[in-house]
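Structure below; questions to follow.
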Amino acid sequence: MNRVAFIGLGNMGAPMAANLLKAGYALRVFDLNASAVAAAVAAGAVAATSAIDAVADAQIVISMLPASRHVEGLYLGDDGLLAHIPDGVLVIDCSTIAPASAKKVAAAAAQRGLAMIDAPVSGGTAGASAGTLTFIVGGDASVLERARPVLAAMGKNIFHVGDSGAGQVAKLCNNMALGVIMAVTGEALALGSAHGLDPAVLSRMMAVSTGRSWATEVCNPWPGVLENAPSSRGYSGGFGNDLMLKDLGLAAEAAMQVGAPIPLGELARNLYAINSQAGNGGLDFSSVLKVMTKAV
Amino acid sequence: MNRVAFIGLGNMGAPMAANLLKAGYALRVFDLNASAVAAAVAAGAVAATSAIDAVADAQIVISMLPASRHVEGLYLGDDGLLAHIPDGVLVIDCSTIAPASAKKVAAAAAQRGLAMIDAPVSGGTAGASAGTLTFIVGGDASVLERARPVLAAMGKNIFHVGDSGAGQVAKLCNNMALGVIMAVTGEALALGSAHGLDPAVLSRMMAVSTGRSWATEVCNPWPGVLENAPSSRGYSGGFGNDLMLKDLGLAAEAAMQVGAPIPLGELARNLYAINSQAGNGGLDFSSVLKVMTKAV
Amino acid sequence: MNRVAFIGLGNMGAPMAANLLKAGYALRVFDLNASAVAAAVAAGAVAATSAIDAVADAQIVISMLPASRHVEGLYLGDDGLLAHIPDGVLVIDCSTIAPASAKKVAAAAAQRGLAMIDAPVSGGTAGASAGTLTFIVGGDASVLERARPVLAAMGKNIFHVGDSGAGQVAKLCNNMALGVIMAVTGEALALGSAHGLDPAVLSRMMAVSTGRSWATEVCNPWPGVLENAPSSRGYSGGFGNDLMLKDLGLAAEAAMQVGAPIPLGELARNLYAINSQAGNGGLDFSSVLKVMTKAV
Amino acid sequence: MNRVAFIGLGNMGAPMAANLLKAGYALRVFDLNASAVAAAVAAGAVAATSAIDAVADAQIVISMLPASRHVEGLYLGDDGLLAHIPDGVLVIDCSTIAPASAKKVAAAAAQRGLAMIDAPVSGGTAGASAGTLTFIVGGDASVLERARPVLAAMGKNIFHVGDSGAGQVAKLCNNMALGVIMAVTGEALALGSAHGLDPAVLSRMMAVSTGRSWATEVCNPWPGVLENAPSSRGYSGGFGNDLMLKDLGLAAEAAMQVGAPIPLGELARNLYAINSQAGNGGLDFSSVLKVMTKAV
């Protein structure tokens, strides 16, 4: 199980592929972006001429794509990859997509007799580079066991949360909570600041109190509080506002599907949409603080 | 600095006073509830006949009362305690009240020449019993230094966050974040459950991911996920829904005062109000999950 | 232009078809519900054995179906109606569906050379029975002119709001506003009532002030204020809570598609979802007031 | 009943006083703004040197002030007007203030033996100038009857909604609905526009459909749709964003007092706060549309 076809070398896929190469896997890679492919080749990968070419000799197929339509477009249809992947190959989709799409593709893979899991990740580009991603896996436990070594080469934690599509659901639940937590942390710091408190002092208190979170401990939205947070470098280089907006949109769709109320999740979605309208869609999602105050 | 007047022996005040007694402080206590006083006396305190009687011989006055009006009623006015506290006594109010009330009482104390800090707490009744409270202090740094030993006998962390009233602002900021985080964690677990995921598995994943919080780590709102959480004992015995509702109301008032937007904080306030309307005001605040799903 | 194929005899479709019969149109009708068909036949329609049978001899096709998937299922695909409708026939879809679905079906019709408009309605079952519906039309103005007489037999107002799909967008915009207005009117009446005001007196004042709306004038959510409102007969017989929930879900999807923030629209969606969770999904949507107060 | 003391000649008070003069009332006026007083004098009023001076000879006292603290400051306290108003004089406060403040002042007036009503208005500066205001009255019905002639000289509709303070509650309920309705109308027009619809066409449709309101009929938030709306003159000259923000804050306080959930009202409050943060606090409140779209 050494030969991997890796499809999608974006901000997340590229460092994930790099970690596989470091771990000794043989990679055939494909991406529409030639310079991304060139960088992977420089690191030891072989460039495939197409996705179909990439999987020809593979034992494992890994995809990391932006959205449902790309994943469905890649795998499904008469021209789709599922028609070309050799028997016995393990398929792992790491994209964050709609649970319904993940189920659809997994069902098609099953019909082809291929083992497939959905394995979206948590940890961002920093985690992808450091090889400390969390994989949130939906699919058969036995298939996950086969995938475990290759996932372990890219991440630190692996959670099996249920059947096909469950990985996507769990990822969306986590990111919905994260999106809300970041925005309310911004609200709290802006409120404290407007009352004359130092956001750094307030953050340190909250970080060891019941209001603590990844937003107070790792990615504080107020500039200068945490040196390594995107907010301290002009909100650049983290998890983009519009990516959070996408995930909250997927969460809203998943909620509509089952009639679940998510009032805070959908309100947060709108706060990120308002931040995007204001021209901050490309900044780190912690820039949603700008909706609450003109001080940052 | 050994003689303490302790006013207010409620769910929080009683265990705090007990810890002071254990640490060797001499306490004169006052509360309208005779059985609360009797319990403190059994643990070594002396019963005062009134608040004024309690402070007659004190070196430190500590109050722990339900709301702004009780604190203002205790200290202010012609009959108020500030007119009766001996010179040189240190005054510590641990109640969670409106920042404006805290400032008003502190200003009146200053006019009397008395040193006073606002020191609301985080940690709940469990933290009060264990002596692991966090004190969030507003007032002069030098006054806090005088108060530090007696606070240390009741808690673990002490944060100095600014001038008079700042302790209250910071407490409200923390609790606003907490109220929102609890509610969105409920949304996430209800959404996952409606999609067939096991809330316990989902919670374990979130607890080590970016969506982690005190709600996933300590006080999970889904029954049975964390054995010691209020949700696992019928939502009894924690921090009441209507106490969170009160704190979010204070946060809203503080936000209005300075024109700060807190959309998520105010929406959460309404979710707790809806839960209260449904008859769950006396349950732990994690019961807000009941607004999102009929499964609990 | 006298021969109409009418597909879909539900709560809305049945009275619309009845009004066409009264106006002298010859109808061939189809619905899966045999008793709905029987009622139409009793009123003068001819029963078709299938949708394809219904259109065989038609000059106009009108469909009134519950959701996007039904409309796409009816018209599209190898078996779809578009493959069977004779050349030159005018196609009118009155269903409320996703704008994207409406565009998709209209594009397929255009490819077949058929003229089609989307013409969702406003006015509810009462308007359908009385023949006072408002039609909100997307498509070519010239096609609308051909459709005008048959629409006029079912309604009072006809608005041409843009190209294919625009009728659906406008309908969703109107219903999103309506859903929010109804819910906030409930908030206002519950707030006034909790302060001791008579909701009837408060409603009469609001109905002639700046807070006036269809909710204060026609469909007051407080029982007993307006005799003919659903609230005065146990919230029965109006526009169902879950139908409003569906429309607000379509509005949310339409908003996500273009990145438009609709914070109030999505919050209202969640209030109707909470009302549905509480078991009131089948009641009139004005029962969302039950989320705000236990007094009704 | 011809001699009126009129306190407060702001944007609302000035035209109200002018209408009283036109109707033949004799006015002694007071305001801190000398030019406002001069304008009233030019129209026939007599300038008082103080509020106390204004009431010396009055049969009716009318006040129109910005906020609770001004009204309490005017009437209450040892120096307050209630101590100086002659016996038998009728007191009418037209300010929009907290219901609790209105009750407090009315109770103090009752203790003095003075008849008083709260009579906040709806209709804006346009209604004040045209003499078409709506008065929303709390207090004894018999007192309202005495006040009716003088109110009729300034307005068109008079609603008696309950006891002292009820006028304020009803006004806040109406304005809360209005604030939400305006904002969701903005959401709807921005959503339609983003989908390519003409906001003017969409508005015309909504104005005769179930989504209709004062926002579609009189004060459309989209520039150019209604010629006389503030939006068509740069959002100038209507009811200011920060005045709506104040009223929604009063509504939130009134809701907290009785535990009533007003989720949409409080979310709207935050949207106006966000608009204010963006620098639009002085514009007409329909400028909240700017939060939803960059197109205006």
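In this document, chain identifiers A, B, C and D correspond to the written order of the chains, with residue numbering beginning at 1 in each.
Everything below uses one rule, namely that a contact is a pair of C-beta atoms (placed from the backbone, for glycine too) under 8 Å apart; a residue touches a chain by one contact, two chains touch by 3 or more.
Everything quoted here is computed from the prediction, not taken from an experiment.
Participant: Could you see whether A-D or A-C has the larger number of C-beta contact pairs?
Facilitator: Between A-C and A-D, contacts are more numerous in A-C.
Participant: If you average the Cα atoms per chain, which one ends up farthest from chain D?
Facilitator: Most remote chain from chain D, centroid-wise, comes out as A.
Participant: Roughly how far is chain A from chain B, centre to centre by C-alpha average, rounded to an integer in Å?
Facilitator: Each chain reduced to its C-alpha mean, chain A and chain B end up 38 Å apart.
Participant: Distance from the CA centroid of chain A to that of chain C, rounded to the nearest Å?
Facilitator: It comes to 39 Å between the two C-alpha centres.
Participant: Between chain A and chain D, what distance separates the C-alpha centroids? Give it in angstrom.
Facilitator: Once rounded, the distance between the two centres reads 51 Å.
Participant: Chain A: which residues touch two or more other chains?
Facilitator: In chain A, the residues touching two or more other chains are 255, 259-263, 267, 271, 274, 277, 291-293.
Participant: With touch defined as at the start, can you tell me which chain B residues reach chain D in the complex?
Facilitator: Going through chain B, the ones touching chain D are 245, 249, 252-253, 255-256, 259-263, 266-267, 269-271, 273-274, 276-277.
Participant: In the complex, go through chain B and note every residue touching chain A.
Facilitator: Listed in rising order, the residues of chain B that touch chain A are 99, 122-123, 134, 136, 157, 159-163, 165-166, 169-170, 172-178, 180-181, 183-185, 187-192, 194-198, 201-202, 204-206, 208-214, 218, 251, 254-255, 257-265, 267-268, 271, 291-293.
Participant: Mind listing the chain D positions that touch chain A in their complex?
Facilitator: 263, 267, 274, 277-278, 291-294
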